[in-house]
Amino acid sequence: MNTYGTLFKVTLYGESHQDAIGVVIDGVMPGLKINWDLVNNDLKLRRPGAVGTTPRVEKDELIVTSGIFNGYATGSPIHVMIKNENVISKDYSHLVKQPRPGHADFVASIKYRGYHDYRGGGRFSGRLTTPLVVAGAIAKQMLPFEFSHKLVQVGNLKDMSKLDEYLREIHEKGESVGGIIELTVKNMTIGIGEPMFEKLESKIGQMLFTIPAVKGVEIGTGFDGVEMYGSEFNDVYEDETGKTLTNHSGGVSGGISNGNNLVVKVFVKPTSSIGKKQESFNFETNKKETFEVGGRHDTAIVRRAGIVLENALAIVLADLYLWSKIY
Amino acid sequence: MNTYGTLFKVTLYGESHQDAIGVVIDGVMPGLKINWDLVNNDLKLRRPGAVGTTPRVEKDELIVTSGIFNGYATGSPIHVMIKNENVISKDYSHLVKQPRPGHADFVASIKYRGYHDYRGGGRFSGRLTTPLVVAGAIAKQMLPFEFSHKLVQVGNLKDMSKLDEYLREIHEKGESVGGIIELTVKNMTIGIGEPMFEKLESKIGQMLFTIPAVKGVEIGTGFDGVEMYGSEFNDVYEDETGKTLTNHSGGVSGGISNGNNLVVKVFVKPTSSIGKKQESFNFETNKKETFEVGGRHDTAIVRRAGIVLENALAIVLADLYLWSKIY
Amino acid sequence: MNTYGTLFKVTLYGESHQDAIGVVIDGVMPGLKINWDLVNNDLKLRRPGAVGTTPRVEKDELIVTSGIFNGYATGSPIHVMIKNENVISKDYSHLVKQPRPGHADFVASIKYRGYHDYRGGGRFSGRLTTPLVVAGAIAKQMLPFEFSHKLVQVGNLKDMSKLDEYLREIHEKGESVGGIIELTVKNMTIGIGEPMFEKLESKIGQMLFTIPAVKGVEIGTGFDGVEMYGSEFNDVYEDETGKTLTNHSGGVSGGISNGNNLVVKVFVKPTSSIGKKQESFNFETNKKETFEVGGRHDTAIVRRAGIVLENALAIVLADLYLWSKIY
Amino acid sequence: MNTYGTLFKVTLYGESHQDAIGVVIDGVMPGLKINWDLVNNDLKLRRPGAVGTTPRVEKDELIVTSGIFNGYATGSPIHVMIKNENVISKDYSHLVKQPRPGHADFVASIKYRGYHDYRGGGRFSGRLTTPLVVAGAIAKQMLPFEFSHKLVQVGNLKDMSKLDEYLREIHEKGESVGGIIELTVKNMTIGIGEPMFEKLESKIGQMLFTIPAVKGVEIGTGFDGVEMYGSEFNDVYEDETGKTLTNHSGGVSGGISNGNNLVVKVFVKPTSSIGKKQESFNFETNKKETFEVGGRHDTAIVRRAGIVLENALAIVLADLYLWSKIY
């Protein structure tokens, strides 16, 4: 449910329009000096502001209640809470009678028997990725690896220098677009990943698919490798460190890191909420009807997803990294 | 490590060239009458024989030692063992000094400190998917869903009617190819998946990436959706059952099944073992050298992977299906 | 670490002298109307006030940030936070140089490398049982069972009508005492407990030993049964409901509830902090020296432990109860 | 269910009268040279033969199919299977209509809907402790600790030199008795145990209560400490190693090992099966009736339980020991 991990454990709570969201981070190395500036920098990367992102801006002030003493992790769980402040009170009950396409309204109504908090997407809101970013920012501080992310495609745009202009056009059309993000981890050690079911790729797959709107995950070259021959796809070991010139396998062999860069690509679907009119079944009138989503939303949530995915990946690595040290 | 699941739990053991491989299946509904013909049929689908598959054929006779009484599941773990019989004894120790590109030899040497069983790929062998197929075949018998799989692309071939001929050519070149498999589950109920970290897609991602050679997983339209607008990608609810005409989301909304067909696509990389000469670093001579893999292997392991992936998916669904019934 | 449970999951955080303690409760049935009066009543039972209990009284105001909408559980995690307010700031650093006997000071110093928060017992403080009581009070609302607890012995006193007087004497001596608490659960259903490793008794054992000062757990007659013959110990089934006249097995057969009252007895050791002078090794002077604990503490923590144990037991039962409903 | 552990993981399968029982042991350190003589010695200690033990003797030949290469653990799961050979085929169906007092027959019928294998106690049989002994014997080889166990009381007998004679008398009466076993682990390191929910005592409690017939667990002095004052119960640190003269806490402070001997006492109830006539409700005649258990059984199962408990404890320690090394 809402707890991830074996040795580095992250428990999330919160819904979009209730008082607060937060995270309990268990397994942080006692004695780690937490650099909160790094955490806040990551949060800033996630926050809206750029073209194509929602006007709902939260200041994301961190309330750290536990697990830190004199600036160092104590070994007890770290609890970080963030208040939901920029919440616009309005009537969301129409989502129950006419569930939005692409959203979780419909399934949530059934799974939670009508008791879910549907306001602002409730537990399915991208808002919940904020505490995940916090946890990941702390995870990165425990790890000797170097993380980065970049957009490689947004809609049909591959030249990221034109992104603002492109998203302005999309927004004017009342449309949204998705995109592809590439995550890279450098300075990887060899041996991260626990076959069979805690293989590195498996845990990456589990984690990244928890991020709302993620609909595809590939390691290294991924699906594009379908037209390659084995002799092309195989990465040749160059020296005794296991270094390879090509990296089609994305730094993972047999579910275990091989010391080359870990490379993961993620497909984020077009934002479900769009400006345009759409149709959906109306449970009150019992027929399909036109409606407008309204509210504040992103034209391209993918623009903000990079740091979320990067930090989610860091949580996976922190957990498996500790695991790699047990013998 | 080698146990998957919360309520429906699968524990695998075995290495390619030791005495046996097997699986302990926990959480099977007491009173389920196991149809072993269905299990054996699935195993037959996995076994080699077709063009492009390895000549190592095991008869996969199931030794069921526990968990069944009078033909019915007792509620205790079911243990199924399969002997490794068609094992060719030869010297595999060269894999240690010159690890094969694309294989796990190199990382295994380091992670397991040289103590891993490197013969025939050891624990990384595709052979280990046999007990997974068994577990999945039993999982399917607990579920009201309808499973299928199909090849949608092999190498650059998209017309599957020409597969034999195509793979013969690839084999003659001493090459291998990968492919894309599509899994479909019909008659899905609504509400399968436990956000945040046990979302349906998350558990699918975790499980399918455990299968050797899988390097990409996408749900529904997946990466191809990157050029679509939100208004195109959103699946419109047509009626009170949640049915949609399009299914870009692959039957999953917010990490929970929405009642439409569950559709998953998986990229299986080209088989690492090829007939052609390749290069790799030799730890004995301390330089990169040419070598041949030798041994028996598949030209296109993807040809046999469909049933493995289908049944692996069934294990995921069995676990989450039981979970959906707790309230 | 700090998360318990499979389907009903409780994650605790907090240390005695930091800003807050709290709990994330996952798996609460969506639609459960939470009765907060019942929760507060349980907290009142845990709070000091009676003879033999500490003068540190916290008002334990519950801050519920998530998981509740219109008074009902939404199916998302419920987060409850409680501020630490009645904290006396003083220098606790002597605990590092001269660890108190019976406390965790010494092991914590080593395990957490000197970074643990030693003030007021830190994470080992009985204060942490407050959020556990909250979680258990909610668990009880999900269950059709009837819980109770009672003191059966305190020090060498077995007649509880004389408890105040007895504890006053102990306190005057600068001493502390332990005791035995009996927990009873009525209206049990048959079938709670998942052999082999999630047997009812196993999960009770795991949970109750997490409560500070618990040093013994027995089910039914327990250790006193050592002098009984099998014919005396065996509980005879009287009718088709499985009712037995005696209940030496405490309502559990083969690790599964048998429908009779669940009876658990728990030994709580004498409070470690006492008024009297004691000796302990001093790491600064490098010799054993006399010292006084000081601070506020309980003469008989066992007097407040009943509701903690009862509610901890409820958490165990909530988890296994949901489990019993999966088929 | 049937898998225990986080880093050192044990999965059990088997029922008393089916083909085999066994265990999958995951997390054994790669490179550990397994001494099978030690394993077999432990099994010998568990096997009947002494006065007061059952005449069903199994030779317990170990079939090791996986996880070992050249005598060393490979890092893959070790699978050990043991055939059930000395099984007397007879009609056990009377257990369904007239469940034996003290046994799991009645609850199993209900929980497993009549599909459980009731022959010889099925999954509830003490036979299942054989693979647990195997796993524990391997766990001990990974640990730097020194394990031992001893009987401290059997029935009302405290002088173990008279045990044979005493049990002969009990047997002649058609009775059975229980007992108390003390486990001791020497050379403990400091820091084993992961508060809050994986405290050392918690995991010991969970594990030991899985052993059939265990109805009480105490750490150190345990329940006998109820009449002690705090100043008596507190163990005083003597030197910088944390050594204490008394050991009322049984080597555990705050749920973490403190370096002194770990001491655990376990109450094993009188064997449920007795020679004497007993009563129980008969579901066929719908009234309480006299019956005889028959079959082969132990007069004092406690006599054989010591090694089972010792090795079960070793499994707990192996898991937490690896955990203690992650930072």
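Letters A, B, C and D name the chains as they come in the text, with residue numbers starting at 1 for each one.
Here is the rule we use: a contact is a pair of C-beta atoms (placed from the backbone, for glycine too) under 8 Å apart; a residue touches a chain by one contact, two chains touch by 3 or more.
For reference, the UniProt names are A, B, C, D = Chorismate synthase.
It should be emphasised that the depicted structure is a prediction, and the values quoted were computed from it without experimental measurement.
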{"item": "Smallest count of steps, each to a touching chain, taking chain B to chain C", "value": "1"}
{"item": "Between A-B and B-D, the pair joined by more C-beta contacts", "value": "A-B"}
{"item": "Mean-CA-position distance for chain D and chain B (Å)", "value": "37"}
{"item": "Distance from the mean Cα position of chain B to that of chain A, given in whole angstrom", "value": "26"}
{"item": "Sequence positions of chain D contacting 2 or more other chains", "value": "1-3, 12, 27, 30, 111, 123"}
{"item": "Complex contact set, residues of chain C against chain A", "value": "1-3, 9, 11-15, 18-22, 24, 26-27, 30-31, 63-69, 72-79, 81, 111-117, 122-123"}
{"item": "Chain B - residues contacting chain A, complex", "value": "1-4, 12, 99, 101-104, 106-108, 110-111, 123-124, 128, 153, 155-156, 170, 173-180, 190-191, 194-199, 201-210, 212, 214-223, 225-240, 242, 244, 248-250, 253-258, 267, 269-274, 276, 278-281, 283, 286, 288, 324"}
{"item": "Residue ranges of chain A in contact with chain D within the complex", "value": "6-7, 27, 29-30, 322-323, 325-327"}
